[in-house]
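In structure tokens below, several structures.
Presented sequentially are two complexes of chain A, the first with chain B as partner and the second with chain C.
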Partner chain A sequence: MIDETRLIEIKGVSKSFGDTQVLHDIDLYIRKREFVTLLGPSGCGKTTLLRILGGFEMPSTGEVLFEGKDMTGIPPYKRRINTVFQKYALFNHLNVFDNIAFGLNLKTPEQLGCKSRAEMKQEVARRVNRMLKLVKMEGYEKRSTNALSGGQQQRIAIARALVNEPEVLLLDEPLGALDLKLRKEMQLELKAMQQQLGITFIYVTHDQEEALTMSDTIVVMNHGRIQQIGDPKGIYDEPRNAFVADFIGESNIIDGTMLQDDLVRFSDTEFQCVDEGFAKNEPVDVVIRPEDIMLVGEDVGMLRGVVESVIFKGVHYEMIIESNDCKWKVQSTTMQPVGTRVGMTIVPYNIHIMHKMPVLKEA
Partner chain B sequence: MKVRSHRAGKLLKGLWLALVLAFLYIPIIVMIALSFNASVSRAAWTGFTLDWYVKLFKSKQIMAALNVTITVAVIATVVSTVLGTLGAIGMHAMSTGMANLLINVSYLPMTTPDIVTGVSLMLMFIFVKVPLGKWTMIMAHIAFDTPYVLFSVMPKLRQMNPNLYEAALDLGCHPAKALYKVIIPEIMPGIVTGALLAFTMSLDDFVISYFTSNTDQNLAMIVYSAARRGVEPTMYALSTLMFIVVLGLLLIVNRRNGLEDIA
Partner chain C sequence: MKRSWYAAPYGLWMVLFTVVPLLFVLYYAFTDQSGAFTVNNFVKIASPMYGLVLWDSLRLAFFCTLLCLLIGYPTAYFLASRDFSNAQTLVVLILVPMWMNFLLRTYAMMTLFENNGVINTLLESLGLQRIQMIGTEGAVLVGMVYNFLPFMVLPVYTVLKKMDYSVIEAAEDLGASPVRVVSRVVLPMSIPGVVSGITMVFMPAVTTFAISRMLSSGMIYLVGDMIEDYFIAMNNRNVGSTISLVMLVLIILSIGLLRKVDPDNSGGGLW
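Moving on, here comes the complex of A and B:
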């Protein structure tokens, strides 16, 4: 599906507002027909990066290439990029039809392949109706945008951007204001639209589950720097540092010491692992997913502990287990009552060893 | 006991309100009544008549003043609406510090006593040797109308989704096109309210007009000069009509503001 050609290349982009630097030396490329998600907590710079791509902000240093040509100084109205804004930004003085037709009506008949104004009017109506069908809003042409629900407004905002047939669609937390169920439906619809239309989507969100569901590539950002770039599975299974591990899904992050290749010590116990290339006795972050800890009998576990609290989460129970002054978050489908003494085992390839964060900050 | 004192309190409150309203409106009601009185006398009611209104519309002097009033109000409203709207948009785009400074500077003319504004404008016109007349009056009206437009438009801009302008650019508008295709329609309710307010202020202004004009008199100035010669019931009729027009305009403005608060 994804073309290997690099559609957009971001080279050494930094951005400061006054004294605050919000983006540090960002390098990133985006391929044709790729669904890329910029993921990170609020204030990580993801929206600023998106706004630079849209042409609403200029990078302080660095350049942005579009099909190999520098587009840094090109204003938004000359880019083949359209945006779906966080708060929809629909034009309330226009009805649904005129909102979607807005971009098309700014074009000349020739640009739409028409010979006359009258012919163009028909062409605009045809394209708008096709979009209404795509976003499942047929029959709403004459409605006022004020009379629509949040989810419906979002659909119109998407249609208004897509009708211009952009090369790239930028989406700034478009589902943030919707309820959970609607959000999940829209995630699947958006992904389906993207595949059907073959357009590159660049999607900003702070919701890791959303990112995992929709993306071909996830770019995890924090403090204005890219922490990791990879496909959803790669990022979830092999987080590059403790921040990514903590942000994508839930994690236990414990201080440990790398004794030698494939052997780590934490919680006063030595464990086999599958990581190599660390210095001898190097202090490391040990990351273990809550679902990767297996509860066993107290006498056969690698670690022993006491169940401190239990929360029912629907699919599983989440338990906090205290062991050797360490608190472990464990997810399991079988519940152990509070106060039970349990044993825990972890298989070597579920133990992820990471360099300590300060080392990574310099990188 | 308690119930009774509660009732007494309620009655007292109602009475007080009635008294205040009476104090405010009885003079106007008396004036309106006298404008329909057949007698010139203010003491006796001798029968209902519309003669004073007929006389009013036959008076060349009053019709000339009406012409001046409306010309001044229309031109001043149009110009101040354009100036105020563009000013508001510009101030909205500025840094907070600069915008706050300009907002305070714009408030000043609204709080300055009319007589100070009038005298200072007159001095300025004399200083730059512009002969006083209809056009200086129009310029003065533009000066005091503009802040009303400015402060009607500013809140609309603040309520506006900041992404609207960017959305217009994103969809292919040049900045100027984005302004008239998206921003202006979005803040139109504020612009109309501002224009109505400006028109009302122009219609009933006396003090500033008095100082900045010469032989061209507006209706308020006619009433004033007539009153010095001894009031005729035509002036009651004229004042009644002005009161009703201004009241009507203010009701429209209030209704618009009220509707938007609900929306």
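Moving on, here comes the complex of A and C:
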């Protein structure tokens, strides 16, 4: 599916607004037909990076290459990139058809492979109708955009961008305003569209689940820096630092000490793990997913503790278990009542060891 | 107390000073000076002389509106642009003249345009010829534009300021060059403000009086001046009312026409 050609290369891009630096030395390449998600909390610089790709902002330093050619200074209207905006940004003086046809109507008949204006009109209509079908909005041509629901407006915004057959589609939190159910449907539809059309999608979101569902590659960002680049499974299973572990899915992050290769000490207990290459007695962050902690009888557990609280989450129960002054978040399909003494075991490959980061979180 | 009662003071005001006077206008328009019913007033003002005055009024109002649009739109566009941070100051500067009564403003214009006025004195001191300005249509037009310009700038500014900037970015993104962003998106989306501005300038401009008289020393005679003369100089409120009534109908008709362009009155106009 994904072509190995590097379509876009971002080299050492930094961006400052006044005294605030929002992007620090970003290096990233995006391949043809790849679905890349820029993921991070608000203010992490993901939207700024997207806007640099769209041509709406210029990098302060560094360069952006498109098919090997420098894109810096090329205005948005000369880029073969289209954007789906967060607030849709539809033209409310035009109806649905004319919104989608906007980009095509700016072209000359020759650019659309037509000999005359009349022929171009037919070609535009043909392409617009194909898009309406793709986004499942047939029959809405003549509607005013003001009369559409949020989900419908989003579909029109997507059609309006895709009809220009861009090399790259940029999407800036496009599903943010939709309700949960609609959002999940649209996630799958967007992914299907991307695969069907074979266009590179660069998607910005702060929703980790959305990123995991749709992406080929996730770029996790925080404080204007890339924290980790990888496929969804890699990011989830092998977070590179405590920020990524905390941001993607739920995690227990505990202070620990690496005693030697494959042996870590935390919560006053020594554990076998599968991580190597740390300094002897190096302080580390230990990350364990709540679903990776198994509840067993008190006497056979590696850790012993008391259930402090229980929340029913639908598929599973989420319990907070206190053990040796540590609070563990544990997910299990069987419920243990509050006050029960339990044992916990963790298999070595579910213990993730990370170097301490200089800055983990800022208030 | 029901909330509708809160509007009672204004309701009374409106009845006394809008509804009753309108009824008087209607009554006088259809009666002669003895109070008997007649349509002769209408016959009288159907003559070419009145037509000429009306034509002059419409023509001047049209050019005044056109000039206000040509000067006002770019101004509003500039004020509303994102990278202009002193907009608030300039908006106030545009509003300042509106805080003065229009007669005062027009008197000020007179002292500028007079034969011994500021401009001519300046010209003379530069060794140039004096220009006769008072009494020309140009002077009246400048006076009108000066008076009505803020009414064009403000509604257009309001609409442009409210416009979501991402719409402009979306147009650029879809391949529109800066010129086409303006012609295909900004202009069409600001039409409600333009309609509002046109209404707020053209309507009062048609019935301009005093400005024309003062800046033309009576050489240019507009419908507004004529109505004033009938009521005050000639003490003939019947014909005065008839002209007012005809103007009122014309104005209502043109508002109706403009409404067709902006059906939901999204320009936020006062009319």
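Operating definition for what follows: the second predicted complex is superposed on the first by the 358 of 363 C-alpha atoms of A that agree within 3 Å, B and C clash if a C-alpha of one lies under 4 Å from a C-alpha of the other, contacts with A are read in each partner's own complex, and residues count from 1 in each chain.
We take it that a contact is a pair of C-beta atoms (placed from the backbone, for glycine too) under 8 Å apart; a residue touches a chain by one contact, two chains touch by 3 or more.
Keep in mind the model is a prediction, meaning the values are calculated, not measured.
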Partners on chain A (chain B, chain C) - clash or fit: clash
First, second, both or neither for A:Tyr29, with chain B first and chain C second: neither
Which superposed partner A:Lys87 touches (first chain B, second chain C, both, neither): both
Chain B versus chain C as contact partner of A:Tyr317, first or second or both or neither: neither
Chain B/chain C common contact set on chain A: 54-56, 75-77, 81-83, 85-87, 89, 91-93, 102-103, 106-107, 160-161, 164
Contact set on chain A toward chain C in their complex: 54-56, 75-77, 81-83, 85-87, 89-94, 102-103, 106-107, 160-161, 164
Chain C residues touching chain A - in the complex, by the definition given at the top: 164, 166-167, 169-177, 180, 184-185, 188-189, 191
Residue ranges of chain B touching chain A (in the complex, touch as defined): 161, 163-164, 166-174, 177, 182, 185-186, 188
Chain A - residues contacting chain B, complex: 54-56, 75-77, 81-83, 85-89, 91-93, 102-103, 106-107, 160-161, 164
